[in-house]
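The structures considered in this document are given below.
One chain, chain A, appears in both complexes that follow, with chain B as partner in the first and chain C in the second.
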Partner chain A sequence: MVELIDLVLLGMLAITALRVIFLKDLFAVVMLFGLYSFLSALIFVNLDAVDVAFTEAAVGAGISTVLMLGTLALTGRKEKANNHTALLPLLVVIITGAALIYGTLDMPPFGHPDNPAHQHVAPRYIEESPKEIGLPNMVTSVLASYRAFDTLGETAVVFAAAIGVLSLLGMPKPGGVAIDSGLKSHLVLRVVAKLVIPMTILFALYVQFHGDYGPGGGFQAGVIAAAAVILYALVFGLPLATHVVRPNFLKVLAALGVLIYAGTGVTSFFLGGNFLDYNVLASDPVVGQHIGIIVIEFGIGITVFAAMLGIFYGFAAQAERTNIQ
Partner chain B sequence: MFEQHFPVLPIVLPLIAAPLCMLLGRSQLAWLLATIVSGISFCIAVSLLMVTLDQGVLSYALGGWEPPWGIEMRLDVANALILSVVTGISTLVLVYAKDSIATEIPQSQHTLFYTAHLLCLTGLSGILTTGDAFNLFVFLEISSLATYTLVSLASDRRALTAAFRYLVMGTIGATFILIGVGMMYMKTGTLNMLDLAARIGEFEYNRTLNTGLAFILVGVSIKLALFPLHMWLPPAYTHAPSAVSAFLASTATKVAVYVMIRFIFTIYGAEYVFYSMGMDVILLVLAIVAIFNCSFVATVQSNVKTMLAYSSVAQIGYMILGISLVTTAGLMAGLLHIFNHALMKGALFMAVGAVFMRTGSADIKAFRGLGKTMPWTMAAFTIAGLSIIGVPLTAGFVSKWYLVTAALEQQHWMIAFLVLIGSLLAIVYIGRILEAAYFKDPVQSASDKTIKEAPLMMLVPMWILAVANIYFGIDTSLSVTAADAAANWLFEPSAQAVFQSASQSASELGAAR
Partner chain C sequence: MILEVISTILLILGAFFSLTGAIGLFRFPDFFTRVHAASVTDSIATILIITGLILRTDFDLVAVKLLFILIFLLLTSPTASHALAKSARHGGLLTLAEIRESKKGDND
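== the complex of A and B ==
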């Protein structure tokens, strides 16, 4: 049964990908990308990787669709006809695909419990993490403690992305020209948005602080919170949104999140541990782990929130500028 | 009290300084902070190099979790040497950048430049220091994203297209590396490099692992701009701000070469890669084609930055050539050339940046008569240029010498001969600039502003590198000893496998279940 669901989802994924290649209407392509991410999220759920599915749904199907639409607002909806021959790219793709298929020939059987991935490092995480870290969600234990340095790096990646967009597009001026942007005239949208936004923010807080126990954590929470403000900006216009969350404040937040995370690591130095060793943060190592994980997840949350919203602001500000001209 | 944390500090310090730079907001303060942090990282890197030369390996368990469950920073002579180069060049470039970016990047973007530079340094240090294959990918992403930003910061609009091209190619490269790491994980269940090495060694021939290696090698080859995957590099280095070109040309591609060395020698093992998969022949051919094709293309460029960029691709060919000889001597020559090439290209790009600042152009015409008007800049350019050619008493001669010796040791007369011919092409492209600077009269420009010498803050770092080119050409004790120790170290699988105990306890744990 599980295999059947997998096959159907993978088939739909392939069809979506093929449509994306042949469609010329970029608006439809963006929508299909959202669908693609959503299907991937479903596959991840089917693989029992709920944390990954959650991230994929929030980032892939959610925020990146909005950002791609923002790009379309700047560039236009139709793909330019190009007269390159696709022969070389096609060849490269075929070779890559063939190599990937060749690589599957010696792969361990799909999902088998005796696979190396389940036998070598993973048993320790499963058996010891409840004692060593004390969190029911082992995914959080691995990414926030055992491999916390990777996650610090990922936070820095998000920060770097924000820096990139900031340098290219800039930020909207707070309290800029209040041209009639947004969808204010749509009554239904306004009412629904007012209902949905507080709930979304509440949900983000839940995901942020419940990440230790269920799927979730800073990445997802940051994205969800950013989505709430983006919805606000879309319905009520950018000037009002920048009034609520100021662009300069976002810059501070983005930097602060990385500092909180790295600062936790440095605190470990002074308490006699290695970088990011949370055991030393409290007299009881398990309590220390708890404190460390909550603090760094908070750091991730605010950096991701600020980066996502900042990127959206960048696109929106650019779009408003072109509108004014 | 921080000595035991030294292995992680060259990553953590710039990582903390980057957001601080953004918070500071003032470009002067951001510059000061970035330079100081980079300088401290350099001092730490040098002390790490001394310690590793003395004691061998330094291992640092992040979060206190012993490898392979946690992430390990692992320093040996090879990466400590390159780490010293990267942090050192970064510091010099930052000193140089203060005046250089004033004319090339809009004032409002200066703090962003320092932030992105520090992030890039974080990423490069991380790639060099880490002992974990996935962690390496994460730092690769940090450095790549920061690099795209740095390239696009130039006021020149064409920088945007160049950065975009770089982004597309770089992302494909990173994805390929990730696919490869995924395949390795699938077969071994671990991500720690030494643990991977031990477990990959158990396989005789495995199609999944072979595919993983192929993806990693192609991905890294894009990142290090191995011919024919180098097409992103010349536009990026041409249109990037001069300080960025100087930094990237002397660090980013070198770090990618290091990644290739790491994956080949530490993880898969030279025997697996070269004898069972025959990669040495492919690399050898590509390296030689790179040297000739790109040196030749360099001779016909009119933009000096483009010319230097093509020369970089050719020089990367020499490094790969050294690796593909599959001997300790060859690998040592490759590592030595990473070190020496950083010194030459850093100085050359800095000199071109100074010319660009004073004349507003990096075209070869702008160099006419500069021997008189900008004597210090052109003298530094000349020294570094002679080093690229491989004139005796310069660093370039030393690495070419070892490369030729390594080839002759294997009776590869042809390769040794080709290396020498490659140097002749370098004489042509460097010679054109020197001819313009010293033997041609300046073009009569419409505005008759006189061209001044570059400011001191730009000359000093440029000259430090130029002098280093001569110093390491005469006194080779430090560079050659370190490169030699590193090559021996990489070639000796038993020396690397000190780590066995943790790996064994992992398998015991598995067996106990």
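== the complex of A and C ==
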């Protein structure tokens, strides 16, 4: 039964990908990308990887769809006609694909318990993490403690992406004149948005601080909180949104999150441990792990929130500028 | 036992309305009728399916979470359909009846 669901979802994924390739209307392509992300999120749920599914749904289907729509507002809706011949690319793709398929023949069978993935570090995490860290959600233990250095790198990547986008596009000036955003007449939309936005922020906080016990954590929470402010900006206009969350404040937040994360690491080696070794943060190692994980998850949440919202501000400000011209 | 039967009936009805919504989305002639078909899936099918799922839980935290999801979807999906139809209207899209009317006017 599970295999059947997987097959149907994978089939739908393939059809969506093919439509994305052949469609010329970029607006529809963006919508199909959102669909693609939701389908892969469903596959992840089916594989019991709820945390990954959560991230995929929040980032892939939520934020990136909005950002791509923001890009479309700048570039236009139609794909340019391509005059190149497709023969050489087709040849390259066929050879690469054949090599990849040939490579999979050597892979160990899918889901077999003797696979290297299930032999190397996973058994140690599963056996030791309840004693060493004691969090019910083992994914958070691995992500925030055993692999804390990797996650620090990921947070820095998010931060660097935001810096890159902002240095290209620039932030909006806070508190400009409120231009009619075209949504003034959408009374129902405004009322429901007012109802939904506080709930979304509350949910983001729940995801942030419940990440130790269930699926969730800093990445998802940051994206959800950013989505709440983006919804506000879409419905009530960008100038009002920049009144609520100032662009300069976002710059500080984005740097602060990475600083909190890296600072936790530095603190731990001033207390006599290794970099990002939370055992030394409290007299009891398990308590120290809990403190460390909550602090760095908070840092991740802040950076992701500021980066996502900053990128959206950048795109929206650019679109507004071109509209005025 | 009775709960399970009721829940099965609700789930099947929900699946049926989802299916009719999907068929309508493909078969209906213009934008507004299609939005209408899609919003049927959003509202009545959601109520039926999630109520059916709630009846299958032990009425614990899972049921409460499902109830939250139901309330959230009931708030947002009809709003989305409404915003879609209204934007199309503002963009100048006419319904089928209005197109027929204007054609009649041209012939006279």
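The rule is simple: the second predicted complex is superposed on the first by the 324 of 325 C-alpha atoms of A that agree within 3 Å, B and C clash if a C-alpha of one lies under 4 Å from a C-alpha of the other, contacts with A are read in each partner's own complex, and residues count from 1 in each chain.
Heads up, the rule we're going with is that a residue touches a chain if its C-beta (ideal position, glycine included) is under 8 Å from a C-beta of that chain, and two chains touch if they have at least 3 such contacts.
Since we're looking at a predicted model, the values are computed, not measured.
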Touching A:L105, do we find chain B (first), chain C (second), both, or neither?
-> first
Identify the partner contact of A:L195: answer first if only chain B is touched, second if only chain C is, both if each is, neither if none is. second
Touching A:A255 in the superposition: chain B (first), chain C (second), both, neither? first
Larger residue footprint on chain A, choosing between chain B and chain C, goes to B
- Touching partner for A:S185 - first (chain B), second (chain C), both, neither: second
Quiz item: Thinking of the overlay built on chain A, is A:I163 touched by chain B (first), by chain C (second), by both, or by neither?
Solution: first
TODO: Return first, second, both or neither, reflecting whether A:H118 touches chain B, chain C, both chains, or no partner chain.
DONE: first
Contacts from chain B onto chain A in the complex sit at residues 2, 5, 8, 12, 15-16, 18-20, 22-23, 60-65, 68-71, 109, 112, 115-116, 119, 122-123, 126, 132, 134-135, 138-139, 141-142, 145-146, 148-149, 152-153, 160, 179, 183, 185-191, 199, 206-212, 214-215, 506-507, 509-510, 513
Seen from chain A, its contact residues with chain B in the complex are 99-100, 102-108, 115-125, 145-150, 152-154, 156-157, 159-161, 163-164, 166-168, 251-252, 254-256, 258-259, 262-263, 265-266, 269, 273-279
So, in the complex, the side of chain A touching chain C is made of residues 185-186, 188-189, 192, 195-196, 199
Counting only contacts in the complex, chain C reaches chain A at residues 72, 75-76, 79, 82-83, 86, 90
